[in-house]
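By written order: A, B, C and D. Residues from 1 in each chain.
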Amino acid sequence: MKEVPLSTCERTSLVSSIHAGLRYDHRKFMEVRDITLNFGKDFGSCSATLGETRVLAQVTCEVVEPRPSRPNEGKLSIAVHLSPMAAPHLEPGRTNDIVDELQQILDRNIKESRCLDLESLCIQAEESVWQLRLDVTVLNHAGNLGDACNLASVAALRHFHRPDVTVEADGRVTVHTLEERQPIPTFMRKVPVCLTYAFFMEGEHCITVMDPTEQEERVMCGRLVVGLNPHGEITSLLFPGRMMMEKETLLSCIRKAFTKAKSVAETVQQAVEDDLTQRKTVSVKPRGYEVKNLRSDTDYNRWLIDQRVDKRKLMIEENVMPMEEEMQDPFEANVQQPEDSEDSDVNPPATSSKTPLGPSSHKKKKKESVMANGSEEEGDEEEEEVKSKLTAEDLL
Amino acid sequence: MDVISPEGLRQDGRTPTCLRDISCRLGLYDRPNGSAYIEIGNTKVLAAVYGPREVRSLSKQNLDECVIQCEMSRIAACQGERVRRPRDQRTRALSLQIAGVFHAAIRKTKYPGSQIDIYVQVLQADGGVTSACINASALALIHAGVELMDYVVSCTASINKTTPILDVTQQESVTGCEVTVSMLPNKGSVVSLDCAHTLHLDQLDEVVDLAMEGCQQIYKVMSQEVETYLQDKNAVMSHQ
Amino acid sequence: MADITLSESEKRYIVDGVKLGLRVDGRERLDYQHMEIETGLVSTANGSARLRHGCTDVLVTVKMEMEPPPTHQPKDGLINFFVNCSANAAPEFEGRGGEDLATSLSAMLDGLYASPMSLDRSRLCVVPGKYVKVLYVDVEILECGGSLFDTVSLGVKAALYATRMPKIYITGEDGGEMEFMVSENPQEVDRVDVSNAPILITHLRITENLTIVDPSPEEECCGPVQVVVGVNPKGLITATQQFGAGTFAPQTLADSFKSASALGVKIHQQLMQRLQQEENVPNRKIRGFW
Amino acid sequence: MAQHACDLTFLSRSDGSALYSIGLTAALASVNGPGDVKVSNRLYNRSHVEVCYSPSTGHPMIRERALESIIMRTVEKAILVHLHPRTAINISIQEMQSDGLALSVSVNAACLALLDAGIQMKTTFAAITCCITPFGTILIDPTEAEIQESVAEATFVFDGSGEAKVLTALQDGHLSYEDFKRCLQQCQEASKDVFAFYRGTIEKKYQNEIES
């Protein structure tokens, strides 16, 4: 199917609102969309969302012969898949520019940066090693696939546990099932983070925006994808041209990326650890991607509206005129002092993106279409519906 | 083996901030609208430009500006190990990057509704392949007479412990990073930045600066070659 | 092959010229164009040759690898041909566009070198049944301007002539595993015997009883059918294939075989002479793409 | 019977999508269309239906292609394909996690995604998997482990006409005719609950949309 065209009006409206300091989704220029991480019932499966962008990463392993050039290192292979599910114009089974680029970003950030301790994946030098296979599938393409894929991949790899093995005296290798012996976690030395900046030109002046949505990606002049880890190392840089930039602007973006990278890395680590400890303590088997554990895009949007309504209510209570506040804020933050815009971020993403906090507290209230015990939460549901009714009117 | 000897020289006898031998040539072939060849040390690249001409797939046509496409391929014996496929995911990703560079450099609005194809052939790869491809493509575009904002030059740099090194060979890039910077030398602005392997943030500034210096040196060689070519063809340089 | 469009009168001009014995570029009917050849210009390959012939430019590289032989021929080495029509040569070759041409070229080369009369593959054997040398011959079409088959076959022969493979010594046996030593001395090399390697000669049919060799792309537009003939240095015909939509009268075909055989011997001699000449230049400087 | 759960309009970029889980098996289906179609697939009197099944690991292989064709045949029977000639309807299914019920989850997800996209259908459809233990007990919605130990496994797709006619039937393993009939009957019973669940899900969706 053909790509949905972006009309000239939409294009100009998007660009001019960015020139005016506003984004369609009410974010500040340096604000990253909400991150959630969910883990599957087995080890090494992670579904990450970055706003509406949704990526599934799955790690599997098998015993293979090592490369002759590196006899005591395990192998890691990464494959990126895009199906029409991600966006209707993508054709199944065919490589396209997006896949090629994502593959390059992931290869550099995860494979070439050697963030994974491949030597610990060796079973017997020159004989057998573990090969980890990382499959990254984009489920919904709503912009900034690089960051989302990187996020899901890193979380899946950190979450992954491989089965224990014993090597017999005669060199035979026995792989124990997860029930027989405790599986062994992978060891990731550093957490690679990927951050994307989009650039918009307003005459000679350049506006930098973080984490562009799909619409923004279609109208932006150029972008910079930085792969880095919180230790201060750059694992990949991709500024594929399409526009001219001053060196200083680029470098200042890269420098600023580090503060952000720290919080993102913490989010990932925290989410993985939370899930792993839960698996250890709770005797019940993890339910994985059950419907009630994942948040749909509709619910995400409703949650965004709820948040805005809550915020506005709070403002009214404090006798602040909401309209003025909202209009001034982005201008102050981004136009007058573009350098400091990041610091003025009121709520860093770490707080909002911690999986248990924001989204899932809402999720408890979320209506679940659960057949067996659907009736239990009727009360909650009604309350919720009243609320959503309110919000919609509020916004009108 | 150390990349830099105790005397401060690299394995091929260069100082850390010295470029390899560069030679380039314009106009090798008749069929393409523009063609060029560049040799940076042992890295050898051939580029051909076809266009501006009619857009081949109408769905890509843009009536405001031209479509720029790039395809990069490698010959089987371009490096130590035999390359099985002339094109793979890696070359496709690099092709995208090269096309992106020229999206910034070509005056696209001058050629509405048309297409410019850049084909790059890597004959021998020994570090700095992307930058050699970009330099060769720039020369081929100049030979084709496509309007550019400025020359486009590209150069690589790396860092060995604390010494930044310019124009790395394959062997040198194994131990460190490889930062490729492409820029418009007269405007001084960057059109592409690429980093493979890990590099520390504190060292980024030095490395990029060195690569940009290298770009200016390469620019001199390239513009010299273009001038000689024009003189040979008895063409007059309009701004002289 | 090439996207050249000629008007009817242009075609008429070429065809009538040939009938009068005149070709557009002043050649005779059975004349070859000027040819430039250089070997050994890709240092990462065991052998390489670049052949520029009229508007056609071909780069051939040979790389040697050690592999276990196929079970049905445990004593023979292998020679594999891969042709890549890069988009540099013609924009139609972009993506998978050049694949058809590339396949027919490599199939033709495979057939040409399949016979032990052309190339003695048993000499590529290292340990029978265990290891043989495999020659990967990669042909890169850099510019495509007529008589591609002739140029490619000449390039392949030149590259094989220039191939230098390090000598391999079997130093011992260790529990069934052979141990090798690959000589690092640049003087100690094995070469490929190309004294019987055939080349291809293309005849383009202009009208009945009238064929020309080494057609330019413009001339290729005027004749729909051509016959490619493989000729070995002794003048024997080793392979033939007809391309294009058209017919040859038996007499015309027989005539082209005859002329190909005679012409082949001459060109073989010239090629070998040129290659030997080049080899004997002391401290030859590689020109490459200059 | 295991717990069925579903979330509609799960993905923002698809015309219709559904996340469906039965027990620990979950699949995500998205529907796009009716939309433009490649000339080679264009059918003059009906729309072209394509199904694309992606496994959670690796590239689609024979198993996935087989699933695709089963789902395709089922879906084609239900969709009113002649209503939109010269168009394509694309159904993509992603395996999220699997515990033995990949096929029935995919079919049910596809059905709800089609409903979510508002594609006209003759009937809804629901797949039920059951297995029969060596002792002759029939288990509806078994887990992977239960399937491994069973003597036979069967999946039926029923239409939502009330009579629960069989659209597709698949069976693996040794089964007597009597047992087969028992399986079919029990699945047919179970399908009624599933259709009731469908109804509930869709009702909720439209209730929300009207109210908000």
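Rule of thumb we're sticking to: a residue touches a chain if its C-beta (ideal position, glycine included) is under 8 Å from a C-beta of that chain, and two chains touch if they have at least 3 such contacts.
If you want to know which protein each chain is, UniProt gives these names: A = Exosome complex component RRP45; B = Putative exosome complex component RRP41; C = Ribosomal RNA-processing protein 42; D = Exosome complex component RRP46.
Keep in mind it's a predicted model, so treat the numbers as computed, not measured.
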| item | value |
| --- | --- |
| Chain labels contacting subunit A and also subunit D | none |
| Centroid-based (C-alpha) most distant chain relative to subunit D | C |
| Most contacted chain pair (by C-beta pair count) | A-D |
| Centre-to-centre distance between subunit C and subunit B (centres being mean Cα positions), rounded to whole Å | 32 |
| Centre distance in Å when subunit B and subunit D are each reduced to the mean of their C-alpha atoms | 52 |
| Gap in Å, rounded to a whole number, between the CA centres of subunit D and subunit C | 58 |
| Multi-chain contact residues (two or more partners), subunit B | none |
| Interface hub residues of subunit D, defined as touching at least two other chains | none |
| Residues within subunit A bordering two or more other chains | 2 |
| Chain-level touch network, classified as line, ring, star, complete or other | line |
| Interchain contacts, given as pairs of chains that touch | A-B, A-D, B-C |
| Residue ranges of subunit B in contact with subunit A within the complex | 59, 89-90, 92-93, 96-97, 100-105, 149, 177, 179, 182, 184, 187-202, 204-205, 208, 212 |
| Of all residues in subunit D, those that touch subunit A in their complex | 3-15, 17, 19-21, 24, 26, 28, 30, 32-33, 35-37, 52, 54, 56-60, 88, 90, 92, 94, 96-97, 99, 193, 197, 200-201, 204, 208, 211-212 |
| Of all residues in subunit A, those that touch subunit B in their complex | 2, 95, 97, 99-101, 103-104, 108, 112-114, 222, 224, 228, 232-247, 250-251, 254-255, 258 |
| Subunit A to subunit D touching residues, read off their complex | 1-2, 40-42, 45, 47, 52, 54, 56, 58, 60, 79, 81, 83-88, 92-93, 133, 135, 137, 139-142, 214, 285, 287-292, 294, 296-299, 301, 367-374, 385, 388-389, 391-392 |
| Complex contacts: residues of subunit C adjacent to subunit B | 2, 42-45, 48, 55, 57, 59, 61-63, 65, 82, 84, 86-91, 94-95, 136, 138, 140, 142-145, 288-290 |
